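Got some structures for you, see below.
One chain, chain A, links the two complexes that follow: it is found with chain B in the first and with chain C in the second.
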Partner chain A sequence: MGQLGFYFNMVECMGCKACQIACKDKNDLKVGELFRKVLNFECGVYPNVGGFYLSVSCNHCAEAKCVRGCPTGAMHYAEDGTVQHNKDLCIGCRYCVWNCPYSVPQYLEDKNIVGKCDACKDLRDAGENPACVDACPMRTLKFGDLDELKRQYGPDLVSEITVLPLAEVTKPSLLMKANIYALDPSYKLKLKEV
Partner chain B sequence: MGNFINGVLNKKLSRREFLAASAAGAASLALSGCGGNNLAAVGPDVQAAAAEKKGKWVTAACWHNCGGRCLNKALVVDGVVVRQKTDDTHEDTPDYPQQRGCHRGRAQRFHVFGADRLKYPMKRKNWEPGGGKKELRGRDEWVRISWDEALDLVAAELKRIKEQYGNKAILGTSRLLNFYGGGLVRWGSSSSGAWGVVQECMTGFFSWKANDRLDWRNAKLIVLWGANPARSSLGNPTYNLLQAKKAGAKFIVVDPLITPTVRVLADKHIPCRPGTDTALLLAMAYHMIVNNLHDQEFLNRYTVGFDAEHMPEGADPKENFKDYVLGTYDGVPKTPEWASEICGTPPQLIREFATEIATTKPMIFTSSFAPARTYRGQQFCQAFLTVGWMTGNVGKPGAGVWTMNYAASQSYGGKTLVRGGGTGLPPVVNPLFPDATYGPYDGYRWANPTNPDAHGMAYCETYDAILKGEYTGTNGRGKIPCDIRLIWLVRDGYGYNFLNQSSDINKGIQAFRKVDFVVTNDIVLSTISKYADIVLPATTQWEKEGIILQGNPEAIFVAQKVCEPLYEAKTEEWMERELAKRLGLNPDEIYPVSPKQQFFNSIAGAQVISEDGNSYEPLVTITAQDIQEWGVQGEPQQGKIALQDLLEQGVYQVPRSPGDNLTVVQGEDFIRDPEANPLPTKSGKLEIHCQALSDKIAAYGLTTIPPIAKYEPPLDGYEATFEDWKTKKKGKYPFQLITIHYGRRSHSTYDNVPPLREAYPQEFMMNPRDAEALGLKEGDTVLIESEYGKCIRPLHLSETVMPGVVTLGEGAWVEIDEETGIDKAGATNILCGARLSGQGEEPWNTTIVRVEKYNGEPLLPDKYWKQRIIF
Partner chain C sequence: MEHLALTIFSICVQAAIGIIIFVAIAGLLNKGITFKKATITAAGLGIVGMLASLMHLGKPFSAIRALNQFGSSWLSREIWFTAIFVGLTIVMVVLIYARAQNKSAINGLAAAAALVGLIDVFFMAAIYSSSSVPFWQSAATYVEFYAAAISMGAILFLLLSINEMAEMAIMKKIVALAVAVAVILQVAVVVPSLIVMSASSSTAVHSSLAILGNMAVAIALKWIFILTGALLLLWMLKDELSKLVTNIVLSSTVLLLAGQIVGRYLFYAAMVVTGIGLS
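== the complex of A and B ==
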């Protein structure tokens, strides 16, 4: 199997946050801890308003800065290429929080360690999908081999949009079907996160 | 508890974590439910695979009034729910989609096992029979009492009030009350606004039915009028509509807001001010008439009242729709320019839109209920149906003119493919309201206004009835005196939160503080319980025997008991049985069928559509052994799925595929031969001019409506925001408020659940330019005020909101600051007045407010608010 990662179709996302809540349930997260979250961007003036919802979790980057900068090896690559976090090795130094350009790892204050999306490794090891994938009522999320996802969902998928870091920085294992507001640089300055 | 939990505790959880999680301050005892009093938190490091091996997936009810009621399952390990999942019982395809739970259903375990669950029966510290210090309702202390004491007190007050004042002193109904002489009923219309009686009279409910889900893909154009299924119809509707879009349907959405539905589906968005849709529709009709774009043949053959030549018998020929639109008699042609000043839609867009709906076939022209939740909302419904019919898109594949139906809503229609059976519990008539057509409980939606034996008042007159001692009798009976002493809200499971959900909460609180006794049952301290005297802790559906739930016509969900009742919570059946004993009634007469038997009956009686696509057959195979194991009465039967398999699966969904024999084109027969298949309306046709509607609305005694669609500015509508209409100088309340369905909740359910409060902050939304003009910034705490009350909320700015319009989600639990009298939660019914209209529809979407910066203490974000934990 090649590099694994998420596919997200923003064109069909209705911003309901079922993915965010399903992830909280699966990982038993408290208020303030979000391993997957949904952002909302808009631009324009009523009634000509564009924008998109963006569901983000860990991008399991091929050149993850969190792994590179982790002093204990708590952040590491699993055999399947996903970025995993070993809670027992974590000392809560938060270098990964600092290093990740997507602000993915979160410091879990009451545990004094960080946490992040692990692409539901335990579920996948049991032959199931990540919780968010199976939760989405619009079926916008998938997880799997990136080449396979490209074959299935078309040649126009991107790994970066104007509001996210450049893909060349960490090589995120992320494929998105994006709309013009997320792709066209002329909208970038007009977009507001709402 | 079992070894598994011990193992997890020993290995993973530090003492500090355990204590922190178990303390009353914990947001959720989420991994809990050991039954009885031993709630304990388990750390989050539960390995999924290990849990699955030891645990059991139980179908867990999602029972709310949301329209979906989808499949959710809970993984129960040694009596503890460790996590949930949704439908994975078959491969997911657009034709045969999984019944996936929404974000709220996915938070259900945080709801059921919340630290704020009511644990014990309780009474107000300053209550005594007769009321005690009634002014302290809503702000008193709670005292824990035993079940015996609670039931004795409740029965004694009920008995005293019945004997002293009679059953008409009781407001409320339930199975128990109906056996005890009944009570006054609150009647009216909430969800469906003004649609109910319109549908009954103008169409005989013909236009309250839709074509089946797959047929929507045949449409070339789908108009969603005021509909936002992405937030108000969770489950598959938006996904289903997406399939129609992929099949080539163009979508036009009419809405004051640019909603998530607009973002995902719309090719075109039509802005329209709240409560002015009628004007927009009339202008569209005008454009069609002057350009001869309407389907005259259709109108001639299938409708009455369009023009003077086709009026129903006995009608004044001048009162025809066409001449009204043209302004023949009133001198006001309803042109796009005339409409635009009112509705805010640019005239050119009105013309384009009208041309598009007139010339694109087949078209589905569908409305939500929201535009009818307005003052004298009948006018919108009349106009919507009339304009739809002018296009002739009825009774053909991919075509239809209808309004969204509840759970089977916004993308479904056609036949019911599978359904649960009855529980076997016979319905009980309320002796004081025998005509109720919605179960034995409420005179909901269309109480028969001409029945003098129906005792009760419109929703919006409830509080005045309590405070002033009289209410409007229907059918010209004038004012009817009353002396309401008891508000009874002990009913199925989790209260009936009308103090929060009905208009004018401030007046409601006054009314609640006047009566002798308020008693509720509830799972948490929602609004009605907050203002009650005695509150009985209720079980959720997860703690009950089992139930069949349904949200759309293609699937049923068979939920089972997930855990034992928490703390001292009881089912309402148990409560009513115990109360019955104390009232000298026979509990077995009120509940002749046990909960287990009821569940069994609903399974045994479940039916599925047959191969022929027309008849029905039993769904479930039940053996003699099953019956014996269940310990119930029944007969073995042959069905399509074994009982045990159905319970494990938790769902039965009938597969569909294009070309199957389950397609339905609503109204085909009527269109093919209207004479042989007349509609159950006065004329047998679709009634553009409907005297029956006028007469029935008049009989309610609240407002009147002409027999054809006419625009008459509603109370608290757009026109009311002005001091001077001509100069457009704004008045005291310059903004129109719409009370949207909001993602955090299903109405008022889930408002207390932390992950949902985090995901949905209950923001008050304005257009940035409106805010700028008032000197307001994103994140400011703002004061929103109407004639009826004040709220404060965090301000959120977005260009998706039409200038002049503001929005706030309905359903937040009122939280009044006792010092300022201001609601902090953003309960929209603080702002909406209890105004009497039509068939008793609550006119929430015609509400006007003012907004200013709040200079008092800023609000803490909702996700940080302390939960209402009593003991």
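== the complex of A and C ==
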């Protein structure tokens, strides 16, 4: 099996946040802690307006800066190539929080360590999908072999959009079907606070 | 003061490294003198710095695990080298008390500790410059850290070894010139780097600059303190040692330390990680 990662269909996403809630519930996260979040970007002036929803979690990067920087080895690659976090090794130094260009790892105040999406490794080991994937009513999220996902969902998938850091930095295991507003830098996008 | 622990750690350890660098240089120039107060202060600063670094951790009692990844992590390398540096300075203090006549061993340890310390400052800067904080990703981070180590270390060494300077007038000149060069380099690299950053297209960089824009008074104080401290030291260069000169060195020490501490506070305050929508 090749590199595993998430597929996200931005064109179909309606921003319901079912994925975000399913993730929060699965990981028993406290207020303010999210391992997957849905962001709403908008641009333009009425009647010429545009925008999109972006559902993001750990991208399980092929060259993850969190893994390279971690002084204890808590951030590591699992045998399946995903980036995993060993809670028993973490000392809460927060260097991964500074290192991840996607701001994925979060410091969990109640546990004094960092936490992040593990792509629901326990569910996958049991032959199931990550919680976010099964929660999506529009089926915009998938998880699997990136080569297989490319074959299934077409050649126009991207790993980088204007509001994300350059993919060359960490090589994220992420494929997106993006809309025009997310691809064209001439659109001045604004993150809508919710 | 989210980064108070890291500010104390980096300032104390860099000052300690700077002191030992000048202890090592003085030891090479005059093998007969032992710089007891300077060495003890360096060891004390190193210990305080390491203890402060534990306050930053969520699990300070598990800090030993941070030594696991020397091969890949700048943070792990820094902790290794800081521990070795502090260990060497503690051995120096023990030797000064127990084997004061063995000056060649003390000088050798000082030279080794200075070398380890210089590498340690590089590792410290690499931690920040390799992170995903664009404001830290420049040569200015390295220059800030080395300039802080040299300027604080030099002036503390002079203040703590003022009595020994009567036998080593050359060290007074070396210290004053080292501070001047460090401060000139700091101004020459850090100020232009801020101007270059202002032309960046990164939203994270502009967020950092906006934070600094609200701290203009602190920025002005940093440079006024550092430049005044360095100028005072240069001004006393021509004078023989006296009560007045000692007071000038003390004033210069307070100003340089205050300037570098304010500078380090600003360094951490400007931290904005590239994130979604901030690339």
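Observations
Note that the second predicted complex is superposed on the first by the 187 of 194 C-alpha atoms of A that agree within 3 Å, B and C clash if a C-alpha of one lies under 4 Å from a C-alpha of the other, contacts with A are read in each partner's own complex, and residues count from 1 in each chain.
Following the convention adopted for this analysis, a contact is a pair of C-beta atoms (placed from the backbone, for glycine too) under 8 Å apart; a residue touches a chain by one contact, two chains touch by 3 or more.
Please read all numbers here as calculations on a predicted model, not as lab measurements.
In the superposition on chain A, A:Gln20 makes contact with chain B only, not with chain C.
By the touch criterion defined above, A:Gly32 reaches chain B but does not reach chain C. In the overlay built on the shared chain, the residue A:Leu123 is in contact with chain B alone; chain C does not reach it. In the overlay built on the shared chain, the residue A:Ile180 is in contact with neither chain B nor chain C.
Of the two partners chain B and chain C, more chain A residues are in touch with B. Within chain A, the residues touched by chain B in the first complex and by chain C in the second are 111. The touching residues of chain A, when paired with chain C in their complex, are 39, 41, 54, 56, 65, 67-73, 89-95, 97-103, 107, 111-114, 163-166, 169, 189, 191. Across the complex, chain C meets chain A through its residues 56-60, 62-63, 65-69, 72-76, 79, 127, 130-133, 271, 273-277, 279.
Contacts from chain A toward chain B in the complex involve residues 11-18, 20-22, 24-32, 34, 38, 42, 44-47, 49, 51-53, 87, 110-111, 120, 122-123, 125-126, 128, 131, 134-139, 194.
In the complex of the two chains, the chain B residues touching chain A come out as 17, 20, 27, 30-31, 44-49, 52, 83-86, 88, 92, 100-104, 106-107, 109-110, 230-231, 234-236, 238-239, 242, 258, 260-261, 263-264, 269, 271, 743, 754-760, 767, 796-803, 863-864.
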